[in-house]
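Letters A, B, C and D mark the chains as written, and numbering starts fresh at 1 in each.
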Amino acid sequence: MLGRTSLFKYRPPVCSLPIRRLSNHPSGAVKTLKKPPNSILFVKKRNDDVVASALRDVAAHVRETYPGVQLFHEQDSNLPIGVEPWSSSDARSRPIDLIITLGGDGTILHASSLFKTGVVPPVLSFSMGTLGFLLPFNIDTFPQALDEIFTGKSEILERMRIACTFHRQDGSEMGGSANTAWQVMNEVTLHRGRSPHLNIIDAYVDGQHLTEAVSDGLILSTPTGSTAYSLSCGGPIVHPSVHSLLLTPICPRSLSFRSLVLPGSSRITLKINRGSRAPAEVSMDGQEACILQPGEFITVEASPHPVPCIKRSADLFTSRRDAEKERTIMGEKGGGDDWVRDINSLLQFNATFKNKHLATERL
Amino acid sequence: MLGRTSLFKYRPPVCSLPIRRLSNHPSGAVKTLKKPPNSILFVKKRNDDVVASALRDVAAHVRETYPGVQLFHEQDSNLPIGVEPWSSSDARSRPIDLIITLGGDGTILHASSLFKTGVVPPVLSFSMGTLGFLLPFNIDTFPQALDEIFTGKSEILERMRIACTFHRQDGSEMGGSANTAWQVMNEVTLHRGRSPHLNIIDAYVDGQHLTEAVSDGLILSTPTGSTAYSLSCGGPIVHPSVHSLLLTPICPRSLSFRSLVLPGSSRITLKINRGSRAPAEVSMDGQEACILQPGEFITVEASPHPVPCIKRSADLFTSRRDAEKERTIMGEKGGGDDWVRDINSLLQFNATFKNKHLATERL
Amino acid sequence: MLGRTSLFKYRPPVCSLPIRRLSNHPSGAVKTLKKPPNSILFVKKRNDDVVASALRDVAAHVRETYPGVQLFHEQDSNLPIGVEPWSSSDARSRPIDLIITLGGDGTILHASSLFKTGVVPPVLSFSMGTLGFLLPFNIDTFPQALDEIFTGKSEILERMRIACTFHRQDGSEMGGSANTAWQVMNEVTLHRGRSPHLNIIDAYVDGQHLTEAVSDGLILSTPTGSTAYSLSCGGPIVHPSVHSLLLTPICPRSLSFRSLVLPGSSRITLKINRGSRAPAEVSMDGQEACILQPGEFITVEASPHPVPCIKRSADLFTSRRDAEKERTIMGEKGGGDDWVRDINSLLQFNATFKNKHLATERL
Amino acid sequence: MLGRTSLFKYRPPVCSLPIRRLSNHPSGAVKTLKKPPNSILFVKKRNDDVVASALRDVAAHVRETYPGVQLFHEQDSNLPIGVEPWSSSDARSRPIDLIITLGGDGTILHASSLFKTGVVPPVLSFSMGTLGFLLPFNIDTFPQALDEIFTGKSEILERMRIACTFHRQDGSEMGGSANTAWQVMNEVTLHRGRSPHLNIIDAYVDGQHLTEAVSDGLILSTPTGSTAYSLSCGGPIVHPSVHSLLLTPICPRSLSFRSLVLPGSSRITLKINRGSRAPAEVSMDGQEACILQPGEFITVEASPHPVPCIKRSADLFTSRRDAEKERTIMGEKGGGDDWVRDINSLLQFNATFKNKHLATERL
């Protein structure tokens, strides 16, 4: 767990690569990268040989195919040839144009956390053979995926982040300065953690008292995070293009605490009630941040700095054929949404009871 | 129940009263009425003497205070003095600038249904002493409420509607013409109704197959409707400013069919599977519309014609004092949201278990 | 739908075949058939050629292998050689020692309904290649299954039924006589059915007012029925050996109506509230029974006549091998429970999210 | 948190006061105390002056009214006159005939834990002015409540306990001896506690693998505990007379993990999967017991030693009048169940949405 002060040292990095907005549709605007990246940051899962080897392959490919592109890695040992170490403190001096992650969903959450107080560069995410919610590309397709990026064909899904500030009982901000809001992709969680007792948290929306929660804790989630912890607590599945914040209770001592979907423009305050017997541990995307005592609070709102995630394009993924076929039947064309595929294949959404054939059972 | 053809005769009425957009915030833009209304349509609950008497009072007050305003009533008997009958077919010849409803939530749903294929004039809704989700004003405050409107002080909450078209197996539209989409404030419901058997419905989002639902039915709801039938089926509570469509199953034969919050820009198709043993009755805001047979489908998307609902202003409602007080504590000012009050007082949202005092119990 | 009076004509049939109780454990007592059956009633799914052909095979096998056993069929056309027609009214004159069903879960519900007012003979259920919750035997194994019965090796699971009586506003029983309680295996359902309005039902437990339900309806279910309609409405999964009654609401207008598991000894009354705008359609195991008007009520309690279901024995089912293996690991022996297998394979209970391999996805 | 070894030192105390079984009904048998108590153990909430003063009053009353009865207190300071200190280790030498608790639900859980490995004497529980689920008597009524006990009029509700043993990877029992099962009234909880990662737990029923849970944890609860933590996690409400064990997941990473109601005769094993990244903290009735590492497991079954709770009698509680009235209406007599009253008044069970009168709102 981080100490309180250590949380607030970070200065926002700069992303030099502008994103071109292709349409004016408020949510779900289609965007592409305006120009090819000059610098790439690799972020990978630790202690995994398959991932380390894949990194070497990708780095070698970039060096050969796109000479002149600077390569960085946020770890500092076992660097592949031509890749230099990089840390959050290098953000201004060594701006990043593209992040490439190799690993699981957690690797992308970690990449986002490297840019937790400012703009995030576009993220290209490779899975290592297993699907994930935030993982559009299979590692086998990396040459094509890179080609699309360098030729300006990639589309971007901006995944909302939420920005969180921590406050003392007197309202003053922990960490001192106003521009240190910590941003997360999935959620901020307040949890009783090691306390045997429930905690009491008051939730306010735009300054108005919403409710007093007596529970194991509360989750304030982005639409992206709706398929993470919030889902386990009974929350709905929210499409990443719906500009909103999701409030879901964790094991509330109440029969009537339903999930709330609040406007993306809301400012939400979660305050440990002074009568709470337990404090609340704060987790940011699953990473412990600090412990709030009674009277202390956090304030959360949509961040101005979403994560620009590069979307899978149709050609790179076989099962899109079927989607195409379906669309034709319904008399529609184009588009398609990885999200629909993912909630079905990853979450086994609405797996209807089937009177399966005994044959299957016997296999 | 309406026959199929009778549904599609309606021609959209015209609202002559423009609404001024006060800000550019995509959701929850603050709007006001640009000029005082020249014509008012009364919509009231039927067969209720208290409501009938209130209508007479309001009509008399308008005639005296705002002479020259034309008054209409969508019923044709027992009209108060100076009030003329009006029906949907009069919409073009006798445009309406303001609707005043007297009754419950159902009365507003009915007012919306009078303008189900086009623009709806702003709606001022009076409750008859009981609160309701769509009922900001208590009838006792009607002189002030009218004054605010005629002096241009009222603010408007645009409540999203969804537009629905009905299709035959070959895709052709029932009712014939493309501009007859039926619009609803709460939801479109497909339900097995009188059939003892479950039905099977395929749901598509933007032409992509989302899921096959084996259930009592499906609800496609607006945020406004999230506190109506969808809530009873386990759906989340969605703030009316979140531009989205909510898909909630009714008693699905599945352990894993969670509610989905889809982008407001989605186009959703619900098609009775050809293998479905039961047809599906379609209800629009609780009103039966038609029965879909296997192979037939509906298509739903956000309507371009929301319902402009006149919001309660702070001065007219006592309990706002408390909200004011809370905001001051949290160091915020202004605004306030009836929605927060309503989910607490009307839905008993998150009524925490209390070890109540025996004293209370004994009363 | 049945008329009210037609419901109550039935006279209870007699089962001549005593069941031997092997242990005194109140729930889950192990029982076997005391002597070989002298008469068998076939109940099969209608309009299905595969089922009709299977029936001919089974009937021929019984005639050859167990000569002297009387064979009946509750349908009266297309009877296989040596099989006579039988109807509920023959129950006294032509007692049944064993029921054999061929079809799905619905076929067993139908078999139970043939004996809806009295004792049910033991039931041997064959599935036609698809699994079902109430279907232990695959049709391919019928010679062995019959052999086990005639040699007294079969074990019996007594599935609780609930007995229901229908009452007028003045409390008098519809149908006239006290011994006409209608018994069901799954559940009694009260539903608004064709009414657009919610109904209001008062629930009483042992004469004490429990709650007033404003909803689409209520389900009063046996543990067997807990995996049927009640599950779709959010109810828990109750093991068939737990002597209890399950009350689950259907789409209640309440955030706080959780399922209740009541003692099997309870007497439950469901009464349409006099203020209810809608009546309630009563379904018994999915079969429409009657419509209750405001003031009318039903009374439900555990039936003294459960359904003796013949259990699958270990030798007849391959996948039991795995179960055996697991038990060995946990240091236990014997027994095993089809129920555990069924909730996993049929309901996909707790299908944990898996980051599936792309390989699988690609197939 | 207790160390592992300290858990297993306890030797079961003896209760000298036999309970007479009044009926043979398997669940909900009515029982009474056979003879007046010779010794009473007081258990009270700590650090509460009101409770301390009430204890002095009750102790004085018993000394005067029932001279010769030995009085004990499980705390050893501030003992009222005539009350001696007592601890679990005195259980054999100084047997207890009656426990009197003064405090909340937690005080009864604590009283049960004093007798966690053997028979528990009957418990008479006084609330200090607030209701509780396990608290039938208001402190104001203590003279009558005691009179009923000494004159043999009290009825007893036997609340099931579950007995739990802790096992190492090799199956050997922690603490060494087979008869040290720890018994709880509410539940055994396995929780990830301070770990940021989910744990993986395999659940077995009677040696058969039931499911692999990837979650924050699992709850194995008695019917009594169904209104405690399990309820917060979405579990059903189970009447205390239903002989069963309730398995409820805590925030499972699954859309399809519904609560299971298992037979009271089941033997359930919960084993930390060897692949689990996190261990599991075990809580017994909210009290931390130990931490299980991957491969370690607990085994749970119904305890032979339930908690005999003395029930509120009709005369002592005013609101019973209403219950009486209702019963008369339904044409039934007698009985009545505090449980029905409690789920309504304490849990606000099925608080139907009411369009409340503005008048109320204004108060």
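One rule holds for everything that comes next: a contact is a pair of C-beta atoms (placed from the backbone, for glycine too) under 8 Å apart; a residue touches a chain by one contact, two chains touch by 3 or more.
Per UniProt, the chains are A, B, C, D = NAD+ kinase.
The model shown is predicted, which means the values in this text are computed figures rather than measured ones.
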Chain pair with more C-beta contacts, A-C versus B-C: A-C
Cα-centroid distance, chain C (NAD+ kinase) relative to chain D (NAD+ kinase), in whole angstrom: 35
Inter-centroid spacing, chain C (NAD+ kinase) versus chain B (NAD+ kinase) (mean Cα positions, whole Å): 43
Separation of mean Cα positions, chain C (NAD+ kinase) and chain A (NAD+ kinase) [Å, integer]: 48
Shared-contact residues (touching 2 or more other chains) in chain B (NAD+ kinase): 231, 252-258, 347-349, 351, 353
Overall pattern in which the protein chains touch one another (line/ring/star/complete/other): complete
Complex contacts: residues of chain A (NAD+ kinase) adjacent to chain C (NAD+ kinase): 104, 127, 129-132, 138, 254-258, 318-319, 345-348, 351, 353-359, 361-362
Complex interface listing, chain C (NAD+ kinase) residues touching chain B (NAD+ kinase): 193-194, 196, 215-216, 229, 231-234, 250-256, 283, 286-288, 347-349, 351
Residues on chain A (NAD+ kinase) engaged by chain B (NAD+ kinase) in the complex (per definition of touch): 25-28, 171, 204-214, 223, 226, 231, 235-239, 241-244, 246, 249, 252-267, 269, 323, 326-327, 330-333, 335-337, 340, 343-344, 347-353
